[in-house]
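The following pair of complexes shares a single chain, subunit A, combined with subunit B in the former and subunit C in the latter.
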Partner chain A sequence: MTRVRALQLVLVGGAVVVLELLCRAGIIDRFTMIPPSEMLLALAHVVGTEPWFWPDVSYTLGNLGAAIALSVAGGFLIGLLVHALPRLRRVLDPIFTSYYAVPTFVLYPLLIVFFGIGPASLIVLGALFGIVAMIVATVTAIDRVPRVLLKVARVSRLGPVRTALLMKLPAASPHLMTGLRLAVAYSVIGVIAGEFILSTEGVGRRVALAYNNFDNQTMYALLVLILGFAIVVNAVLGSLEQALHRRWYRS
Partner chain B sequence: MTARTRWLDYVLLAGGVWLAWVLLFQWAGPEALSPPGATLRRAGEYLASATFWPHAAATAVAFAYACLIALTGGLALGFALGAHRLAGQVGEPILSSLYSIPKITLYPVILLVFGLGISAKVAFGALHGFFPVALFTIGALKNTSPVLIKTARVLRLAPLATARTVLLPAALPEIVTGLRIGFSATLLGTLIGELFASDRGLGFMLIRAMEAHKVLDIMALTLLLFGFATAANMLLLAVERRLHRR
Partner chain C sequence: MAKATLTLETAAAMPGAACATAEIHLALRGVSHTYPARAAQGPVPALGSLDLEFRRGEFLGVVGPSGCGKSTLLEIIAGLVTPTSGTIEMEGRDITGTVADEIGVVFQEDATFAWLNVWDNVAFGLCRAGTDGAEIARRVDEALAFMGLTGFRGAYPAQLSGGMRQRVCIARTLVLRPRLILLDEPFGALDQQTRLLMGEELLRLWRETGATVMLITHALDEAALLSDRVAVMSARPGRLIDIVTTGWPRERDSTLVADPTFGALTGRLWALLREESKKALGVS
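Up next is the complex of A and B:
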């Protein structure tokens, strides 16, 4: 395992070094990309000196939190409903699977008319992105609860509520965790995309501003920040998910 | 479940969606939504108009190139990493991290590198579709039953023959799942590329409708895109189910 880790470090580090050299040598010009080391310096500069940094970050994180909460809670409840109605499920299935092929944020201007420019539109957009992943994961999660556990519940004479809480929920937790991870990833896309397109505050809007002003330093600093945040969050949720899988499905 | 109840279900769903749409329209008003009947008529007008098809063709060309790159590239890398244990262990987590990043944030970079035009769209589409195809292929090969591999070894099959006659058929259903998801993701990426970085194509028509705030046009185009994506997906899903049953 340590050998794998070491190889990964060498691979990723090597890619960064190559990028750095290409930028420094002028093969990639400065108007296209700045060297990775400068991106980090620029990020430190932005964090340390720009007065807009923390307000914009907290604006984006606040919207993101609300969008995630909405999509996870809503997706779970709708998932339960869809699972309980097999006919509804079969009809909705193709819609769910092709949902992520359509750029949902084309509806963003309509949301703005609806909710105005501000947090509400961004939150709804993020939630619209995340909710279907959570619905699908919830349905799968209930499908995958081993039959034997339900038999155990019946043998132990558990009522429906206690069966749900003590048997179904824990056994479904690994797949629900998958749903949570995907809902987070999609909500990030929704919120940031909304801020790109039209917003008065937020990190996504700062990236769009920097891009329009040819301010590559700020733009790459913020991109590094957003991508780093997404990768770390995904890695943490992914390892939680794997721990749950190992606990429930030891094979 | 007979075919008749299935059709009844679809009719009921369509009726339900229609009703919800009308109610939402009543609540939100014509500023935010267009009514379903008018939207369908507008979509029909698009399909009959002469200006629509060149845009659709531009999108189709970009999408075809992006699919070609994403699917072949994803399959090639997936097979390379899936067939070799250590390479898979090293590569898979890196790929899934890259898959998880919000690729829409990279659109300024893509624009700076490729400029406005078809190459930016193709790059954006391929960027979206490449990772799921590679990851599903790796997963499919990793999950191949060890018995099959042992059998191949007992029969002394050459590596290429093993790949062709044992690994590929065993992994095919899951690979097709990856291709389907890659297909959807590539379509999404191509459209996003057109929204931000293009002067023709369906995505460009959408962004123009968005900027002019033509609600009816936005809804009609979205409906057409969703219809196309759903139809293509159902087709691939049918193929996938058939392969899974085998």
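Up next is the complex of A and C:
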């Protein structure tokens, strides 16, 4: 473990300990927040006893998987297209730049009109949230593919599809991983927040229900679950990104 | 260490594979190229009208001042660029603007695939061509042995030196058994000693495959040492000034640098290029 990583762990661990002490001492009242140790116990309780837990987790994971697949695959394909068409790129660049300044959730009523209340709206919302990060990362990543590899592709008589899959995708993959991480993070936000606002199922919906019913135990248990999930996914993708960089650029 | 030898059926089957013959392998007729105008720049004439014939099995060097269109010439022959005018005939067939199967290209830049190990890098073209698995294994192993890469078959390019990576690229081209090999300053990024040794390997490859080789280089000594004939190009737009025949025997290596003829040849090339290089640099 590097010194920086150790310091990061000490910082996070210290913050959790401080929070635990503040809650235990009553400085933060239980109505606002329960101690972190109780959050973990509450999570164990929810996992072990609540009949809705696994169905709701499955529902959310299904939506997340579909949203991530759509944003990553769609973002990559659109990125390829945008990169191949410089005029289109010039037109779209300012839109991509300002995309995340637009609160995508305002589109939710429209999504309900088009897709109804259910998984489709949540998946589209999650995908819309993540796709532009993937498009921008793809365009940037392909910019960084050495031109000589594209010449090799032409000499090898690879068509556009095989050039994209066999040359551009692997050559750009270390840089695409940055887009993948962002797309996953944004898709998680989109799906969970979408469930929170208007859904009949899912982990986000359960958080909203618990919040409305002043059920702090369940609410914090689920927040810990979501936080843990996001951290683990990000760590796995980060490790993969580092491994790719090591293999590609080690000298 | 004993070097592996390469069996090249296509070359062996060809008449005159053992040495350069008078048979014309590739012919450029009236080839010129002008890059189209861009926003801040008008059309750029890169290559003047150029006629050049390659004899089957010869080693032809091409030298010229920076920016004279050497690489454009290579890309035109490789089919990556369609010339503005003129035609390219290979073995009597018009290949202008098309990527011909029989042509292999080695570029100056590192063109290894970082995501594949050495073996898979070399097998890439054969896999794409749908060659039988056992045949791929046999030919890749043969090419790796020929280039002295057998011990590195599982290594990734990032673990190799620049010279080794260039050998991987040469092996990747070689395994496809091209009858014409185009090399665009393949040793440009290497130190002088490595260049000399890589040059020897290139000569061995040329002798044993019987392929016709075109070497683009900015190094006059490299061209003088390796080539049967050296085509000398003018400043942009590149035209053919002269073709110098070196007269070296087919069996040759880098010890020729000690031969007085080598110095005279290099001097002659420089004499032809000096004024053109000054033009290219804009100095009088």
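Descriptive notes on the structure:
By definition in this document, the second predicted complex is superposed on the first by the 223 of 251 C-alpha atoms of A that agree within 3 Å, B and C clash if a C-alpha of one lies under 4 Å from a C-alpha of the other, contacts with A are read in each partner's own complex, and residues count from 1 in each chain.
The working rule: contacts are C-beta pairs under 8 Å (C-beta built on N, C-alpha and C of every residue); 3 or more make two chains touch, one makes a residue touch a chain.
All values reported here derive from a predicted model rather than from experimental measurement.
In the superposed model, A:124 makes contact with neither subunit B nor subunit C.
Annotation for subunit A, partner touching more residues between subunit B and subunit C: B.
In the superposition on chain A, A:94 makes contact with subunit B only, not with subunit C. Contacts of A:158 after superposition: subunit C is touched, whereas subunit B is not reached.
Of the two partner chains placed by the overlay, only subunit C lies in contact with A:249; subunit B stays clear of it. Applying the stated contact rule after C-alpha superposition, one finds that A:171 touches subunit C and leaves subunit B untouched. When both complexes are overlaid on chain A, the residue A:33 reaches subunit B alone and has no touch with subunit C.
By the touch criterion defined above, A:148 lies against subunit C but remains apart from subunit B after alignment on the C-alpha atoms of chain A.
By the touch criterion given at the top, residues 3-4, 7-8, 11-12, 31-33, 87-88, 90-95, 97-98, 100-103, 106-111, 113-114, 185, 188-189, 192-193, 196, 204, 207-208, 211, 219, 223, 226-227, 230-231, 234-235, 238 of subunit A touch subunit B in their complex. On subunit B, the positions that touch subunit A within their shared complex are 1, 5-6, 9-10, 12-13, 28, 31-33, 86, 89-91, 93-94, 96-97, 100-109, 111-113, 180, 183-185, 187-188, 191-192, 195, 203, 206, 210, 213, 215, 218-219, 221-222, 225-226, 229-230, 232-234, 237.
Within the complex, the subunit C residues that touch subunit A are 75, 78-80, 99, 103-105, 107-111, 113-115, 124-125, 128, 156, 158-159.
By the touch criterion given at the top, residues 146-149, 151-152, 154-158, 162, 166-167, 170-171, 173, 247-251 of subunit A touch subunit C in their complex.
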